[in-house]
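In this document, chain identifiers A, B, C and D correspond to the written order of the chains, with residue numbering beginning at 1 in each.
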Amino acid sequence: MAAFLQLDQVSKAFGAVTVADALSFDVPSGEALGVIGPNGAGKTSMFNLITGTLSPTSGRILFDGQDVTRSSAAKRCRAGMARSFQVPQPFSGMTVFENAMIAATQAGGMHGRTAEQFCLEVLDQTELLDRANTLAGGLTLLGRKRLELTRALCARPKLLMLDEIAGGLTDAECGALIQTIRDIHARGVTIIWIEHVVHALLAVVDRLIVIDFGRKIAEGAPRAIMESPEVQEIYLGIEADA
Amino acid sequence: MEWVNVVVQGTLLGGLYALFAAGLSLIFGVMRLVNIAHGDLIVLGAYLGLSVTTVLGLHPLLALILVVPVMAGFGYVLQRGILNQTLGKDILPPLLVTFGLSVIIQNTLLETYSADPQKMNAGALETASVSAGGLSVGLLPLLTFGTAIAVIATLQWIFYRTALGRAFRATSDNPEIAQLMGLNRRHIFGLAMALALGVTAIAGIMLGIRTSFDPSIGGGRLIFGFEAVIIGGLGNLWGTLAGGVILGVAQTIGAKIDPGWQLLAGHLAFLIILALRPNGLFPRIDG
Amino acid sequence: MNLSDYHVTRTSPAARVAALLGALILIVLIAAPWWAGRADMRLMGELFLYLALASLWNLMAGYAGLVSVGQQAYVGFGGYMLFALTIFGGLHPLGAIALAGALGALIAVPVALLIFRLRGAYFAIGTWVIAEVFRLSFAQVSALGGGSGSSLPVGIVRSLAASRSGREHLSYWLALGSAVLVIAAVYLFLRSRNGLALTAIRDNELAAGSLGIDIWRTKFIVYVVTAALTAMIGALIFLQKLRISPDAAFSVNDWTAFVIFIVVIGGIGTIEGPIIGTLIFFLLRETLADLGTIYLIVLGTVAIVIMLKAPTGLWGLIRSRFDIELFPLRFRVKPSSPSTKG
Amino acid sequence: MPDPLLSLCGLDAFYGDFQALYGVDLQVAQGEVLAIIGANGAGKTTLMRSISSLTRNRAEMVRYRGENIGALRADEVAARGIALVPEGRQLFPSLSVEENLIIGGQIGRKGPWSLPAIYTLFPILQERRHQQSTSLSGGQQQMVAIGRALMANPNLILFDEISLGLAPIIIKDIYAALPGIIGEGMSALIVEQDITKALAVSSRFYCLQEGRVSLEGASATVAREEISRAYFGVA
């Protein structure tokens, strides 16, 4: 059976620095996959490779039955990928609502009132509705992160890729975020989620992969992975020493 | 033989274009600034040379001793006073400010020197020539070409062998981190512009000896310099010389076919290279 | 919290007042032949054509990030097409103007394919090279007078309207119509889905690309459409001038420098900016015209000072002060019933 | 307590409209090694940028050796003896390894560090000295970045995430070299995501959370739960 997303020996190097080293894994349709690994391990680069912001030095990427290795970011988005950026990339000169509208009309394929209504719903869900008329450049970091999620949701993707959206949230906010992502997952959307806030991740994902030095070093059921000695060692220095 | 002569003349003409291009390339290399007023600054250099030769009665080449430092000083002040304020992520401010500068320089020259074409008198140098193997080559074009090689070799030396060049490269690589090395970016950029306008002054005087000039020709000189830079490949000084030569040869070949085609042939050569090799013929290889 | 408490609107009281005032002004302007003198009408006609050029350049530079210093290529091309199509093609001048636009779009396609390989400032100079190629090429066409140019034959001029005043009225209305058409087109485009995409690209290309916006294609379309409309304006300009030469047709000062100054002074990246900029440009020109070249030095200085001290131009200053839009592009989310919230 | 070498007094920092630091107070004594910990986005890097004036402040917000330096340019701060090893190394790609080191010493401050001293510390750099800095491995690049900062002979050296993206064995090597680097009298501020490492090399620590200091204390005695609470907000 063909996977919904498949990475086949994907590598990317900048000079002597390798950010992806023969990465291979499959994501079946409807799965929620968690990605962990230390800072600088190549997690965001992996997203860039999947979404087409970076193009791989070698290897292939298949999405929804198509080889998208050489497709542009825009084309992959229209094929059903949407992502949030770890370092938020808002359209700063436009309002929060307009940011959402761009995603809904360009990537989500909606028009007019339908698009407007959908954006309002998503903004309500991500708790940005009261900031709808604020210029995106004036949001706090937290607000920008929420805007990243908002835009990704407004794109109505088949594959939703989230890059560290839970950092800095209070417990209540984090709980609401988990519920939001569970709801999206329940609708059948495939999710890949990079996150440092491990308890949030574990509350949602079906499976976990661990990345370090651009390599996949572990893959499997979330709890088992978290308890494995190599993860304890490389990822959570504190526990390993304690 | 006739065609060999055409190619030789074109090659030597390319030396002049490389001089036009060197300053442009230098400024872009250090601060990613594209100076639309570059052509007008070349013409300004020519006019300053003209004033020095007429007022002091100096030979145009001796005028360099005065004009080069004056232009360099002007460059430093210009950079620190105006252009530094335009640098940033947005490409619009430097473009529009240098465009405004171009209009100001052009019209100031017009106001000061009138629209009449002028020329510098270099005496015997203008007509002297050397003959070899059946070819007669003008001494002045030869001197211009030699100057271009010397200028580029000097710039290359400054860039890769001196502390100033190291500061240029570091600031160009990463202006923010370069500051942590104690480098004042504004001062470094000022020095880069000073150096660029020093070269521009040489280009202006070589131009002024070779042909007649008037305040309106700056745009054309900018374009020749720009074409040489793109043909040669961004950030490659020797490539710029090659770009100038290719442009010069294309022009003389065009002129040989039909005098009206000289400039058109140069532009077409540029567009063809842009279509086939968008990064130029000798792009700098970086990691 | 109920979503039906909110609605989305793209208009405002200020915009409604502006629309009403705009309509009134337009009626007064249409009626100019009945109240304005011949010289005033000529001046206003020129003003409208500059307004159209400035609005188009602003769409390219201010929204698509395509800073061209070579739009004279299309002004001159349109002018020459008018002459060629009427003299050799026997077309009516109005038909020739329309066809000049279509041909402008056609020639812009290969040009864009070439110069889109250049980035940022190099793109700008690349457009200038193209304009030079156009100028030198048309200078080689001896049928159109080569380097010295040619005049529009009297018969063709007469075919517009029999009387001189009829022709003057018509060319005034054409200029006014083209300015209105261009501004309306820019406004409607920016309000559209594609316009939103264009604004998104201007703000953040990385994010725009990953939201499915085809950046290259969007910019390409803007370039080609702008070229077509600029060529039509060029044809109109030379229909008024009745004489064309390569140097006049492809003048970087007349068709690009002034246009850039207009947009910068008025406010780049806004629809209102070019309108204010055009008014100020003509005001300066009419008051300082006697100064000759000094006037251009003043203009260049004003543009530099504005770019450095107030990069959003005069309209930017006004807008940041009063938060108004005369051409409403912004979406605003409003509570439907203000009483429900404190 | 004698006058601290560096003190931050109510330091605020902004990126555009966004406030990254809120009234941070912090002192570094002469010869002290301080750790800064905190989650991603807590403001650690901003703190480093503010001290080195890459983000400008009000003059009195940063006080160094009795002088208000908050409003100085970054090059002026560097000249006073504060050096930064930036996150992600940020070497100059068009400079060779040796040139990267030389330019670090361009300020011309006197002290124990010179090219030979750096080459003694990291012998591999001498072998590679004519190579482009981008051709080195991540760990070697980090050595160049550290060497480049040391060449300025600073009184205060700032390390921003020096183990980021490096293999554990290399991180171990670099940390093994740290005591030799932070020698007599030199003070250091270490930002590190590996809390254990950061606490092990420092005498005191500050924990940042959403731009504010949420905890400070002695590195040796702090309880894990306390850090965890300060780190994530609510445990």
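Brief remarks on what is shown
Following the convention adopted for this analysis, a contact is a pair of C-beta atoms (placed from the backbone, for glycine too) under 8 Å apart; a residue touches a chain by one contact, two chains touch by 3 or more.
Model, not experiment: these values are computed from the prediction.
Under the contact definition stated at the top, no chain borders both chain B and chain C. Set side by side, A-D and A-C show the greater C-beta contact count at A-C.
Chain D has its Cα centroid 52 Å from the Cα centroid of chain C. Centre to centre, using the average C-alpha position, chain A and chain B are separated by 49 Å.
Taking each chain's centre as the mean of its C-alpha atoms, chain A lies 31 Å from chain D.
With centres defined as mean CA coordinates, chain C is found 42 Å away from chain A. Multi-chain contact residues of chain C (touching two or more other chains): none found. Of all residues in chain D, those that touch two or more other chains are 134-135. Contact of a single residue of chain A with at least two other chains is seen at positions 14-15, 92. Interface residues of chain C, counted against chain A in their complex, comprise 1, 3, 6, 8, 193, 196-197, 199-200, 202-204, 206-215, 330-333. Across the complex, chain B is touched by residues 52, 54, 73-75, 78-79, 83-84, 86, 90, 92-95, 99, 102-104, 106-107, 132, 134-135, 148, 152 of chain D. Considering their complex, residues 163, 166-167, 169-170, 172-174, 176-185, 286-287 of chain B touch chain D. Interface residues of chain B, counted against chain C in their complex, comprise 33-34, 36, 82, 85-86, 91-97, 99-104, 107-108, 110-111, 219-220, 222-223, 226-227, 230, 260-261, 263-264, 267-268, 270-271, 274-275, 278. Interface residues of chain A, counted against chain D in their complex, comprise 14-17, 38-41, 92, 137-141, 144, 164, 167-168, 170-171, 196-197, 213, 233-234, 237-238, 241-242.
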